[in-house]
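What follows is a single structure, and I will ask about it in a moment.
In this document, chain identifiers A, B, C, D, E and F correspond to the written order of the chains, with residue numbering beginning at 1 in each.
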Amino acid sequence: MTKVIYPGSFDPVTKGHLDIIKRSSKIMEQVTVAVLENPRKIATYSIEERVKMLKMVTEPYPNVTVDYYKGLLIEYAQNNNINIVIKGLRAMSDFEFVFQMALVNQKLSPSMETLFMMTNNKYSFLSSSIVKEIACLGGDIRSLVPPEVHNIIIAKYQS
Amino acid sequence: MTKVIYPGSFDPVTKGHLDIIKRSSKIMEQVTVAVLENPRKIATYSIEERVKMLKMVTEPYPNVTVDYYKGLLIEYAQNNNINIVIKGLRAMSDFEFVFQMALVNQKLSPSMETLFMMTNNKYSFLSSSIVKEIACLGGDIRSLVPPEVHNIIIAKYQS
Amino acid sequence: MTKVIYPGSFDPVTKGHLDIIKRSSKIMEQVTVAVLENPRKIATYSIEERVKMLKMVTEPYPNVTVDYYKGLLIEYAQNNNINIVIKGLRAMSDFEFVFQMALVNQKLSPSMETLFMMTNNKYSFLSSSIVKEIACLGGDIRSLVPPEVHNIIIAKYQS
Amino acid sequence: MTKVIYPGSFDPVTKGHLDIIKRSSKIMEQVTVAVLENPRKIATYSIEERVKMLKMVTEPYPNVTVDYYKGLLIEYAQNNNINIVIKGLRAMSDFEFVFQMALVNQKLSPSMETLFMMTNNKYSFLSSSIVKEIACLGGDIRSLVPPEVHNIIIAKYQS
Amino acid sequence: MTKVIYPGSFDPVTKGHLDIIKRSSKIMEQVTVAVLENPRKIATYSIEERVKMLKMVTEPYPNVTVDYYKGLLIEYAQNNNINIVIKGLRAMSDFEFVFQMALVNQKLSPSMETLFMMTNNKYSFLSSSIVKEIACLGGDIRSLVPPEVHNIIIAKYQS
Amino acid sequence: MTKVIYPGSFDPVTKGHLDIIKRSSKIMEQVTVAVLENPRKIATYSIEERVKMLKMVTEPYPNVTVDYYKGLLIEYAQNNNINIVIKGLRAMSDFEFVFQMALVNQKLSPSMETLFMMTNNKYSFLSSSIVKEIACLGGDIRSLVPPEVHNIIIAKYQS
């Protein structure tokens, strides 16, 4: 069975992330979306909020599960018998960090493979940071995030 | 009438910025240099200082005006009937952030166009951060900033 | 009056080219689409065919004219009192060649400015070569070229 | 069952190609290595030679098969019920062409996904062209190609 | 005599840094490894710790000396009669910052040349930050740092 | 003694090449400019013409010699006891090919080092091909090539 893990901060989930999840779920037998709980980086949304939003938007996909992890990705993956990592690549960025992490993971665990999937053209500009930047300036983010979680996301930016 | 907006932090203005302003003013009928007042990013120079320095260095160009804005660039532009944004591109950087902002602006306001102008070769290494880095280490920044504002800029770094 | 020139081989015109033409015609007063007749490069479509196809697809835009030129772009532009060149930039390619030509043109004629416009996300993969590659392999190019010229383009690939 | 296709010219197969094949065969259930027979590009090795060399070097991997195709990759893939394409990415090149082909394939067949796998660091400089360049200049290519096919490859460059 | 300076933060030294030092020492007559003491950036290891670790790992190379500096690199270099800077280039990153510094140094001191050396393929993913990231998550960094300094580095991450 | 080799096609030499030669000759003890005689690539200028032009423009630099070679660069270098290759890097191109050659050379001869020198900003757009392209279209190439060889270069393009 081909099981993959799709790790990230998802702070918050965007339409770009959901596109990768949806497409992975079509070609792979089991997809685990894994939220990194990074103690050294202050997130805008709590780990519970991020997991909850991901569960809401992945509900239609029965072979997708949502979880979170601390520490090294490869340890979480090995404990769950997963040896494929999926990462989205946006045309113009991501390369350095994403490739570096892939190489580090391969160095630490040679049997772990990272597969890259091109982000849909429509979302090539999209990131969690841009969503928060626009929400913070009072802009409309409806076209950038899944409708099910829109209200949860903007709640942080309203007073 | 072809009106353009040239937005930025200008913290402080450099010879590279002035080159873009000068060249834009030759080919466009009206150029608005717009300083972003970003409440979440601490600037070295106050919004008043940045506007003042830009007014000093753009004085020779009658079709250039200087202003500042808060919030979304596209709202400021629409309120002022401007639908062209000008951005400088340095050969080796800028791409990601500048393209991302152009795509976001187009998504939020489809009638808004961003035009890119290549930064003069002579200034392809230049940025406000580098100017401050060198000034802070006691280096000579005379070749990097317009002469009219040199003293205002270094005043922050002298005791 | 802000007059611009949009030069290229257009061998043949694609939906990506047409997107740049349409958007330029909205923000500039006069757009000249100029087909390069390059004696050292064998084109698939004759200069007459390329001009004819461009005239067909730009018919709805009254401020767009189509022409062709031999020799240096800057000479053609100067003879027609145009000092702005428009070039499309696709996210991931083009940089080297397009920037090099912009720098050469500025070196040869300092008053000539090149402005870059980002190709629409939808067409970031599109080029005349890809259209011909797919047509040659018998693939359907209907989503890649303007409908008015589809038949002219595939005529070369049918027997 | 997760079936993937790994297409290419393989003119000739290198240690870099073999690394991608080996790693894909470990994480996917069925790998088809598909040699493109391109009538418009003159290959150094005939389609028969290229298929033969690939069969020799993939013999140890029971879930790898070798085949060739003409025309569009997506047609071949669909006829064989494969909807995942695997491509190797070398750190510094490949991006443009490989991403362009992925986008074109997705445009022509939305259910087809392309997954990218990073080429092993050791082979990030390696390509079929470099192998031929060095062989042609009389250099030793033993460290660049699988030992089983070394003699077949250099036979073209000896007199 | 060809004297070069290899500047950096070395916070901490990695196998990638040591590879550049070793290779430089083979082709140049004198190599000065110079640790930047940057008052505006909080380092993980003190300047004394970083110098000490560098001295330990460069002990086998008689033409390598270790030092530290404050302020502008070019001033330190000129005071020590060195006019060549060596910088490592990793395939996919570094370009922007490293080239910018090279251009600034050349602007401030035209006789100063920066020479770039490609980082060994094996270490193209390696940086001081990645070492600290992995150590912090409890991962094994033995393959990433010189053995002589491994214990000093991990001491910061143990309780 | 620090001896370096600066290899290339030099078809023809440009001001960009001369800038690299001049700067190398200041920091290295002996510089050999080596013209590649490539039997599989048709050059515009004969090997004799290219060597002659290089000798003319390097006359003022007593530690620069001009030569040509066939076959592998590393063989030529080893026969002449040179183990440093110098290559110019233009900001936006060259990376792929130049890095690939450096890696191949290191693979074939581990003691051979390649050092990269950034091309002067003024010449970052310049290449032998651009010179020939402009000369062919009747443009003025005086600012692109050393004055001593201008007449030899344009002689090919006049009738």
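Assume contacts are C-beta pairs under 8 Å (C-beta built on N, C-alpha and C of every residue); 3 or more make two chains touch, one makes a residue touch a chain.
From a predicted model like this one, the values you see are computed outputs, not experimental measurements.
Trainee: By label order, what chains touch chain A and chain F together?
Mentor: A chain counts here if it touches both chain A and chain F, which gives B, C, D, E.
Trainee: What's the call on chain B versus chain C, same or different interface residues, using the half cut on shared numbers?
Mentor: same
Trainee: Does D-F or A-C have more contacting C-beta pairs?
Mentor: Between A-C and D-F, contacts are more numerous in D-F.
Trainee: Sharing over half of the contact pairs with D-E by residue number is what counts; pick that pair out of E-F, A-C or B-C.
Mentor: Duplicate interface of D-E: A-C.
Trainee: As a quick test, compute the distance in whole Å between the mean CA positions of chain A and chain B.
Mentor: Computed from C-alpha means, the inter-chain centre distance equals 34 Å.
Trainee: Just curious, how far off is chain D from chain B if you go by their C-alpha centres, in Å?
Mentor: Each chain's C-alpha centroid was found; their separation is 48 Å.
Trainee: Taking each chain's centre as the mean of its CA atoms, how far is chain A from chain D in angstrom?
Mentor: Roughly 30 Å separates the two chain centres.
Trainee: Could you check chain A for residues that touch two or more other chains and list them?
Mentor: Answer for chain A, listing residues that touch two or more other chains: 91-92, 99, 103, 121, 124-125.
Trainee: What are all the chain pairs that meet the touch criterion?
Mentor: A-B, A-C, A-D, A-E, B-C, B-E, B-F, C-D, C-F, D-E, D-F, E-F
Trainee: In the complex, go through chain D and note every residue touching chain E.
Mentor: 91-92, 121-122, 124-125
Trainee: For chain B, which residues count as touching chain C in their complex?
Mentor: For this pair, the touching residues of chain B are 2, 23, 26-29, 83-84, 89, 91, 95, 99, 102-103, 106, 111, 113-118, 121.
Trainee: Over in the complex, which chain E residues touch chain A? Could you list them?
Mentor: Residues in contact with chain A: 92-93, 124-125, 127, 130, 134, 136-140, 143-144.
Trainee: Mind pulling up the chain C residues that touch chain F in the complex?
Mentor: 40, 71-72, 95-96, 99-100, 103-104, 107-108
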